[in-house]
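Two complexes follow with chain A in common, the first pairing it with chain B and the second with chain C.
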Partner chain A sequence: MTEVQQHWDPIFGRLTLSQVPYDNLIVCFAFFFAATLGLVILGALTYYRKWGYFWREWLTTIDHKRIGIMYAVVGTVMLFRGFVDAIMMRTQQVMAAGPASPGYLGAEHGYLPPYHYDQIYGSHGTIMLIFAATPLLAGFMNFLVPLQIGARDMAFPYINALAFWLTAVGAALTMLSLFVGDFSHAGWVGLAPLTELPYSPDVGVDYWSWAIQIGSVGTTLGAVNIITTIIKMRAPGMTWMRLPLFTWTSLTTNVIGLTAFPVLGVAIGLLSLDRYFDTHFYTTGMGGNFMLYTDLFWIWGHPEVYFIILPSWGIMSEIIPTFSQKKLFGYPVMVAATLSIGCISWTVWLHHFFTMGAGPIVNGFYSVATMLVAIPTGVKVFDWALTMVRGRVTFPTPMLWAVSAIFMQIIGGWTGMMLAIPAINYMTHNGVFVIAHFHCVVMVTVFAVIGGTTFWFPKVFGFTLHETSGKWVFWLLVGGTFIVFTAMFILGLTGMPRRLAYVPYASWWPILAIEELGVFVDIAALGAFIYQMWVSIRDRELNKAGRDPWGTSRSLEWMTHSPVPAYNFAVIPHVNARDEWAWRRDYRLHHVMPNEFKDIELPVNTPVPMFIGICSAAFGFAMIWRIWWLAIVSLVAMIAIVCLRSFGGSTGTTIPADEVRRLERLAARPSMRSRPETAIPEGVVVLGGGDAR
Partner chain B sequence: MSVDNTKPWEHPEVSLSSAGKYFTGYVVTLALLGVSLLLVREHAMTAFNLLATISVLAFLTTIAKLVFLFHLDFSETQRWNTLTLMLNVPLLILSVGLTSWMFQVLFRRVMMH
Partner chain C sequence: MIVAGLHDDPPGPGTVLWADIDHEHDMMSTRMLGFWLYMLSDSLIFAALFAAYAVLSYPTSFMGGPTPRDVASPLYGYAETVVLFTSVFAYGMVMVKLRHDLPRAAIGWLLVSFLIGAFFIGMETHELRDVALAGGPPQRSGFLSIFWCVVVAHGVHLLFGLLWMLVMVAQIARDGFTQLVTYRLANLKVYWLYQGLIWTFVYTFVYLRGSI
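Here is the complex of A and B:
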């Protein structure tokens, strides 16, 4: 066991009151903001007597739809936190350009001392990729995949809840580092050997490593669940080549997740062994090699890029055909492109460290492999474009987001191809050109996620979002993004390195100021988004959505009611075509309601996943602060809870057929109530029966 | 191969498991890993021999885990699980193989000889 040089005692480990940074004005402000918001939420729950509802319907739920929403909530909260980090970084750089720039709040230049600034870029990256983008997409996959394949829930609903709680614990530990201790100053990638104990003696790196470690166990469990669900739970008739494209991308992304996240676990696990048990995996000399860390990290890191981008492409592939009123162009090629990107994702990771010095043949191999990614990606861009050709294209908000995501994809992709050339990479390595490039790529995810949220919002909550303010959000965010990253590309080509707390050249100030201006536009977009949410919730009764609020949607989830009932489909549908809902609309079968109902078996709620989550939070906290007794107690408690659960109780509940009929009658609009199953032409099966092929 | 959810014991994959197998799995894998740790700690061999030996031990540990803990074999019940695992083989070859190649080239270029 490694001895730490600072204070340690057996009860509180490294934790002392002085670890609470109450003398830091910025952290104090953040604390009061978070505390006020927390008190308002807790107060509202108490005042409106919603604690019972909150416990029954949310905290203990194992319904895939509610878990999906909870993932989205965690992702959104973390997205805002990551956005605040971004604002702080941009502001610091614009205030700290050139030797004459003044300093405030104890900083030599700007308002953030380097150690604080370093933690902010570390947390920005970690949060945005692992605790914002990943949960947001996990939310989409959780909510949509069972609906799109005609299932009642996930294959393992209990593990689904557990996966969510572990992800939430990872996010919570990251947030906690704001107020107790500090966060990693070694970047989101954890630059070795900077993350080793002699160079990072504080708890920052431990917060980072345990948050990722616990969160990634959740992501891995979620991946197992979604893969199993798609393979085993498809409705009758839902053959592989009838799967909606979002489901295909979810499958590929989770195969990537399942195979890549364990590598991250090992990479960070070895780092923890170095920090806790005095091993030397990543120290130079003593037989260790810090490039081994970089290698292992990017073996996960590059597939993770596709983990984030593939579901976003899936979302775009659902939105674009809907608002082109045409089927997706080149569906089989799209599927092949998705799968081949999944395969190629495993062969390109060295392009993140071309400058390691591995020689021309190795660099050449990875350069060519990286360029191969452009082929399936290009195929996708052409397929989306050709879907729109000769379609009846309309541009409501989701379509605007999807189309702008294509443009963002092209900019991000092109600059990616530039960076795939080692010679260019040597010049731009560690520069802001790289930052601008990958932000364009992750902006594809942001655009697709906002587009997807607008698109499926009525399915989730039963009312549509306010359209005019949605367009305001769109133009402001796209405009702001364009300003920020065009300026950043220019700075990158000028040679500006990344991660600078102090910018040495005052001549860069005007371009930094343009970036700051873009950030202000982005803040206005956030304001418009809050306004949009407020107006939409206020007018929810006026904007109630039916089963298919867009009128032109194509896949199975639009067949059921909005919001979706607990059992998803009253009777499991029989799938006849690739775009089943569009097919039914074309054949005038979309009003068909079942005449007969059967009892529906559903999993029953349980607080066990939340309890395991709480124990794992305690375990993570204990490991970070080296409170050994708490680590042992929480680990034992976790194992005990798992054992106890296996002994007993009922895991399923039944909704009687009569209740299903009553709920269906309530949910259906009057015009649909009198359309019996007899309207179906002979030889066509639309409901239930048979095995999925 | 569909089995009623209310009778988990009749599920063919569940009926494969046994306390003896799990116990053997834990003991064997822990022993193999313990031996590796000991060899490394004591610097028991030359660097190359050590690398070769712990690679073999790691391979054996993997096999022991697959057989005793995951119960993978070529029987009717487990055929698909075993086959699916085979999909990981290319990934293993890619990640371990390419890493070895990269580092071998790197050492030749940047380390002192």
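Here is the complex of A and C:
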């Protein structure tokens, strides 16, 4: 074991009271805010006697819909945290422009000392990509994929719950770093060799590495589950060429997740070996090679970009046909484009460091490979546009988000093509032009996620979101985003480097001030979002949604009730068309309900995934603080739990057919009630005929 | 129509709206597929490690310390290969006994496979101890770091496989060949054979290439 420079004792490792930054006003405020919120939630659970409900229905659930919602909650909380980090960075830069800028709170310029500022940009990137975007999209995939393919549950409900808990533990460790110890100051990419122990002697890098390590095990397990679900659990008649596009993108994205995250595990694992065992993988002396880290990291890092963007495109591909009242233009081409982007994502990683000096042939290869991405992406943009052409286009909030995401995609894509040229890259490397570029791309994800949330919210919770305030959120966030990143593009072309705690030129101040203005608009958007949630929840009885609140939606998830019952579909639908629900509506079959119910088998809840999650949290914490006894105990406990669980048989619970009938009657609203007399075409079998697949 | 589902037909005689039976998914093949996918992600771990080995096995990474030729003996590695594949063969016999529905014989072969596997771990430990004593601990140079890492990563995989074997011995003894036990045995077969496969890469890259 490597000797650390500071205090260490066998019981508490490196943990001492002085590691709690109670002398930092900003952290104290954050702690006060988080503690108050936490106490309010715990108090409410106790006051309303909801602990039993919380345990039974959420903590121990292995229902893919509940897990999807929990993913989304974790993602939303982390999105908020990452947003606050962004506000702090923008504010620091606008306050610290030019040598004459004053300093507050112990900083020479602005209000954040460089070491604190560095941790903030490290945590902003880590959180936004790994603990906000990834869980939010995992939430969508968890909730929607089984519904879209007509399945009762995932292939591995227990693994699915485990994946969620590991992701949540990763997020929790990141949050904990705020109050105990510090976070990595080496950027979300973990710039080697800065992350090596001599240059980062504190626990920050360890927090970063273990949070990512544990979270990405979760992502890998989740990928195994979703891929298997899509391959094996499809309803009869759901052929590959009938799969909704969101499911296609989920499949592709999880293939990326399955193959890319292990490489990240190796990249960061070798770094941890350097930090804990004094090895020399990435050190500058003793035969290490820190470009090895950069390569391994980006071999994961670039596919991860597509991991985040592909499901967002899937969401857009569901929203746009719905509000164009037309089937998606060029479906087979869209599928091919999705798969080819998944393949190309593996061949472009070197464009993140053209300036490494790999030589013109290597740079040229990766430059051309990067430009190839534009072809399938362009295909997608044209397909969305042509879906709208000659459609009956309406613009409720989800459609606004989807269409603006296309614009964002075009801006992000164009600037990406500029950056794909190594000559330009030599000018813009490590500059804010790059930052503006990739923020435009990840904003596609933000827009798609918010649009998707509005779109599927009634399916998840049974009532629609307030439309007018939703449009306020839209215009404010889109406006703020354009202000911030247009200004940032200009600064980037002026030559401003990224990650500056102090901006040396006062002449950049006006543009930084415009960025800050944009941030204020974004804060207003957050306010509008909170207002929208409050109004929507308050008026939920007025906004109750039927099966298909939009009236024009197309895929299987809209065939079942809102909110979706535990068994998803009372009777598994037999799929006859690509957009089955639209097909049934077109042929007036959408009122036809199944006339016969059978017992339904469902997996039973289990707290085991949560226990494994708790053990992994203890393990991560122990490794970060070098509390070896706790690390060993929790690791052994984790292995023991997995082994012992395998001795229990697989358990399920049965919902009897009568209960299903009763629940179905209860859920069917008057307008939706079964009316078998409404003109079923001759020969159509409502129920029966069996499995035609 | 060439591709099913490329065009949507209108409803007509024979159109089915709801699946009559709650169509049964084949649990065995579902779980096997899931395990194969896990093995794919595991392959990527080794792929990344081998890439790192390729980067760190140049003279600049030796730092004047032991070279691949000093730490890896192809003959000893060959003996290890034979031992490991004997264990894999013994596991193959477990699957034969499973097919013939002979739980006691299956337990016997599992234990044989376990013991030979444990012997392999012993050989590897002995070898690594010698390397460490001859001035080649992982802290010595970048090359030795990745050498130890590749060999130990494979060894840790084997340890988990051995633990899994013990669990299966207990489960066969308690339950016999139930569906759960059967698919776990099948997955362990994939896992164990795969560790043998990875070892052939370790042997080729580290031991044979290193001895040149």
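The rule is short, and it goes like this: the second predicted complex is superposed on the first by the 669 of 693 C-alpha atoms of A that agree within 3 Å, B and C clash if a C-alpha of one lies under 4 Å from a C-alpha of the other, contacts with A are read in each partner's own complex, and residues count from 1 in each chain.
Throughout what follows, a residue touches a chain if its C-beta (ideal position, glycine included) is under 8 Å from a C-beta of that chain, and two chains touch if they have at least 3 such contacts.
The structure presented is a predicted model; accordingly, all values stated were derived computationally and were not measured.
Set side by side, chain B and chain C differ in how many residues of chain A they touch, and the one touching more is C. Applying the stated contact rule after C-alpha superposition, one finds that A:566 touches neither chain B nor chain C.
Of the two partner chains, chain C is the only one touched by A:277; chain B is not.
Contacts of A:263 after superposition: both chain B and chain C are touched. Of the two partner chains, neither chain B nor chain C is touched by A:393.
In the superposition on chain A, contact is made by A:299 with both chain B and chain C. In the superposition on chain A, contact of A:336 is made with neither chain B nor chain C.
When the shared chain is aligned, no partner comes close enough to touch A:421: not chain B, not chain C.
In the superposition on chain A, the residues of chain A touched by chain B in one structure and by chain C in the other are 259, 263, 287, 289, 292, 295, 299, 601. Partner chain B is touched in their complex by these residues of chain A: 259, 263, 287, 289, 291-292, 295, 299, 346-347, 350, 356-359, 361-362, 601, 652.
Across the interface of their complex, chain A is touched by residues 3-6, 8-23, 25-26, 29-31, 33-34, 37-38, 40-42, 44-45, 47-49, 51-52, 55-56, 60-63, 138-143, 145-146, 148-149, 163, 167, 170-171, 174, 180, 184 of chain C. Residue ranges of chain B in contact with chain A, taken from their complex: 5, 47, 88, 91, 94-95, 98-99, 101-103, 105-106, 108-110.
Here chain A touches chain C in the complex through residues 152, 155-156, 159, 220, 223-225, 227-228, 231-233, 235-237, 239-242, 258-263, 265-267, 270, 273-274, 277-281, 283, 286-289, 292, 295-296, 299, 332, 571-574, 576-579, 583-584, 587, 589, 592, 594, 598, 600-601, 639, 643, 646-647, 649-650, 681-693, going by the rule given at the top.
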